[in-house]
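Look for chain A in each of the two complexes below; its partner is chain B in the first and chain C in the second.
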Partner chain A sequence: MSVAKRVQQWATFGRMWYLYDAKWQNPLDSADKIKHYLAGSHKPIYHPLSDCGDHVVVINSHDIALPGDEWEKRVYFHHTGYAGGATWTLAWELHKTDSTMILRKAVYNKLDGNLLRRGRMARLHIFPDDKIPDKILENVSAQLRQLRLVPRRLDHYPQEVVHNFPKLFDWPEEHVIR
Partner chain B sequence: MTTQTWNRFWGSTFVKAPLRNGVGRYVQQLQRITFKFCKTHGCSQGMREYIEKELIEFARVNPGVVVYLKPRRHRSPCLKAEYLNGGEEYISCHRMTNEDIVKWVEYLRTRSGYPVERLRKYQHTDHPSIQGAWTPWIHRDPLVNIAEYPIEELSAAFKTEKTATDEVLELFEKQKLSGEVDVS
Partner chain C sequence: MKSNTELAAVGEKIISDYCAKYLRATLPLLPEEGIRALVEYLSSEKITSEIGFGIGLKDLILCQEYPPSSLTAAKSFQAVVGVLNASAGLGRCQVFVRDFVVTQIVGKDPSEIWQIEQPLELLKDILARSGYAEPESRLMFQSGKNTIQAVYQVGVYSNKTFLGSGYGETIETAVEQAAHDALRRLFHITETSDPLPFGKDADNIVLKDKTNVYINEWIINKTQNIINC
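Let's turn to the complex of A and B:
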C-alpha cells in the first residue's frame, strides 16, 4: 500500500467524536439516534464486518425528560442470581442513584445484540452535567442535533423581554395574584 | 449448502485475469493438452473420432499449445490441460461423443488456469472512485475546525413551526405597524 493510499485509509476510517446534549430530550428516542453513530451505520462506507463506529459524548444526562408518567411507571429489573435476589427499581429511583444509567441502558438495549455491543458501549461517554474532562473534549469535532426544542422558563427570559410582552387581557378587579 | 460451508471447502475470489490478459494483447494461457484414450475400447470411441476429424485443425489453429496423444490399453479417456501459471485441469471423457469433446477442449483452451471459485463480485475496477474516497470531513463546514464545543446553534433542534408566543408577537408587530395600539 502506497503512502497516499495509507493516508486515505486513515482518513476514511478515522473515528469521529460527536457531542450530544441530552437536556430535555427523551432518552429512548435519543438512544435511537445515538446507536447509529456508535455502530457507524450513518456512514456511506458502513459494512457490518468493518469496525467503523464513532464515539458519542453525551452531556446533561441529569436533565433528560421521560414522557408521560414514565418516571413512576418505568421499572428496571435486576437479578443477582441468588434466591430472592430480584430487584425492581423505578426510573426516578435509578435516576437519583446514577443519572447516567437510564440513558446508558436505553442505548444498550437499542444496540444490536451481538459481540460488538460491549465495544460500542465503550465508545459512549455519558456525563450527568455539562462538565467534560479536557482529554475527552479535545477530541470532540462534531455535534449531534437535539430531537426537540428545549423549553424555556419564564424566569429565564430577561426582565425587559417579559415586561415588553404584549398584554393580552386585563385581570378582573377582584383577582388576587399571589 | 450455506455460503459459509461452501467457502470452507471451495473458497471465493474476485474477478481477475493473469497480468491483465486480454487488455491490449492476449497471451494463450493453455500450454499443454494431453488426450488420453484407448485404441480399442468402446468408451473412447468419441475421443478417437475427435482425433481423426478435429485434432489436426485444433493443433494448426493453436500453435502455442503442445498437444500430446497418450494411448493406453483398456482405460477410460480423459483430457489433461496444463497452464502457464502452473494450474492443471483434468476432465474425464468417458463415453463422450465427438461434439462433447470439441466443447470441453474449447473450455480448456479459454481457461486462465486459476481454479474455479465462487466470485464475490461480478465486476472489478482498479479505480473504485473518481471523486475520491469518502472521509468524515467531506461536505463539512470548515468553520468547525476552529470551533469551541459545545455550540448552542449546532445542538438545538430545528424549529419547524411557530409557537403561540411567536404568533402573539407577530400579531403585536402587525398591530403596531397599522397603528391600532399605543406603543408607548
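Let's turn to the complex of A and C:
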C-alpha cells in the first residue's frame, strides 16, 4: 500500500472524540443520541465487528433534567444476589450519591445487550461538571449538538437590558401584589 | 529459424516512444520526470511479460524451459509489436500498443509510480518560481492527540489560498502528505482528474513529440488552456 493510501485508511478508520454538554438535557433522550456515536452507526463504514465506535465525553451530568415527576417516581432496582439484598433507589437519591450514574445507566440500557456493550461503555466518559482532565480535553475533536434548547436565565441577563426592555404593562408603584 | 532479437529491439523502441508521446499529450501538466517514470513502468519486464502471458504467448513461445520465463515473454511481446509494425504499419501498431500496453496504467495512481522525495522542498521551489508566496502548513483537524490512534489533518496554503491537504498519524507525516496532495493537484494527477482517453476518443488526440516541462523549470501557469478539442 502506498503512503497516500495508508494515511487515507488511517484517517477513515480514525477514532473521533465527541463532547456532549448534558446541561438541562433529558438523560434518556441524550442516551439515544450518544449510543449512536458510541456504536459508530453514524459512519458509512459501520459494521458491528469492525470496532468503529467513537469516544463521547459528557460534561455537566450533574445538571441533567428528567421529565415531569421522574425525579421522585423513577426507581432504580438493584439486587446483590444474596437474601434480602434487594434495593429500590429513587432517581434523586441516586443522583445525590453519584451524579454520573443516571446518565451511565441510561446509555447502558439503550445500547444493544451484546458483548460489544462493555467495550462501548468504556469509551463513554462522564463528568458531573465541566472540569475535564487535560489529557482527555486535548483528545476532543468535535461536539454533539444538544437536543433541547437551554434558555438563558432572567437573572443572567445584564440589569440594563432587563430594565430597558419595552414593556406593554407594569403595575403602578403603590400597588401591592397579593 | 531466425532469432527475433532485432524485432524485439524495434518493438521495445516503438512501445517506449508511443507511451511517452501519448502520456505527454494526455497529461500535459505532468513534468517530464513523471512521464519518464510512467514510461519506464510500462516498458518494465514485469508489465510487458504480464501482457505477453495475457495474450497467450505462453503456448506460442518456442524455448528450452516451460513455462517461459518472464524475461522471455517480455522479449517475445516486444517482438510481436515489432512484427506488427513491419506487417501492418506504424499506425496500426501504435493502436495496438495503446490498447494493450498503455491500458496497464488505468486505475493506477501516477504518484505511486513516480515517487517524489522532498515534496515540500519541490513545492517551495515551484511556488517561488511562479511568484507565489511561500507554502504555509496549518493544522486543519486533529483527534485523539494523546492516544495511539491520533489522526491529524494538515493543509498547505500559499497566501491564504488552499493548495492541498493530507492526513497522518503524526503531524510530520500529515505535512508531507499535504505537500504531495498539493503537487498532485498542480500536476492534475489526483484521483478525480479526467481518465485517460481510449478507443474513439483517443483516435483524435495529437501525439506530443516535444518533452514536457522539467521539474526544475515547472511553473504554475494560470492562463494555460489544457482542453484538447
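We adopt the following convention: the second predicted complex is superposed on the first by the 170 of 178 C-alpha atoms of A that agree within 3 Å, B and C clash if a C-alpha of one lies under 4 Å from a C-alpha of the other, contacts with A are read in each partner's own complex, and residues count from 1 in each chain.
The definition used in the following text is that a contact is a pair of C-beta atoms (placed from the backbone, for glycine too) under 8 Å apart; a residue touches a chain by one contact, two chains touch by 3 or more.
The model shown is predicted, which means the values in this text are computed figures rather than measured ones.
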{"item": "First (chain B), second (chain C), both or neither touched by A:G14", "value": "both"}
{"item": "Partner chain in contact with A:V58 - chain B first, chain C second, else both or neither", "value": "neither"}
{"item": "First (chain B), second (chain C), both or neither touched by A:P44", "value": "first"}
{"item": "Which superposed partner A:S141 touches (first chain B, second chain C, both, neither)", "value": "both"}
{"item": "Which superposed partner A:S2 touches (first chain B, second chain C, both, neither)", "value": "second"}
{"item": "Touched partner set for A:L149, first chain B, second chain C, both or neither", "value": "first"}
{"item": "Greater chain A contact set [chain C / chain B]", "value": "B"}
{"item": "Partner chain in contact with A:P166 - chain B first, chain C second, else both or neither", "value": "first"}
{"item": "Touched partner set for A:L111, first chain B, second chain C, both or neither", "value": "neither"}
{"item": "Touching both chain B and chain C, residues of chain A", "value": "8, 11, 14, 16, 141-142"}
{"item": "For the chain A and chain C complex, residues of the former touching the latter", "value": "2-5, 7-8, 10-11, 14-17, 55, 135-136, 138-139, 141-142"}
{"item": "Partner chain A, residues of chain C touching it in the complex", "value": "109, 111-112, 141-147, 149, 151, 153, 166-169, 173-174, 177, 180-181"}
{"item": "Residues of chain A that touch chain B when the two form their complex", "value": "8, 11-12, 14, 16, 19-21, 43-45, 59, 130, 137, 140-150, 165-166, 168"}
{"item": "Parts of chain B lying in touch with chain A, wherever the complex brings them together", "value": "133-137, 140, 144, 149-151, 154-159, 168-169, 171-172, 181"}
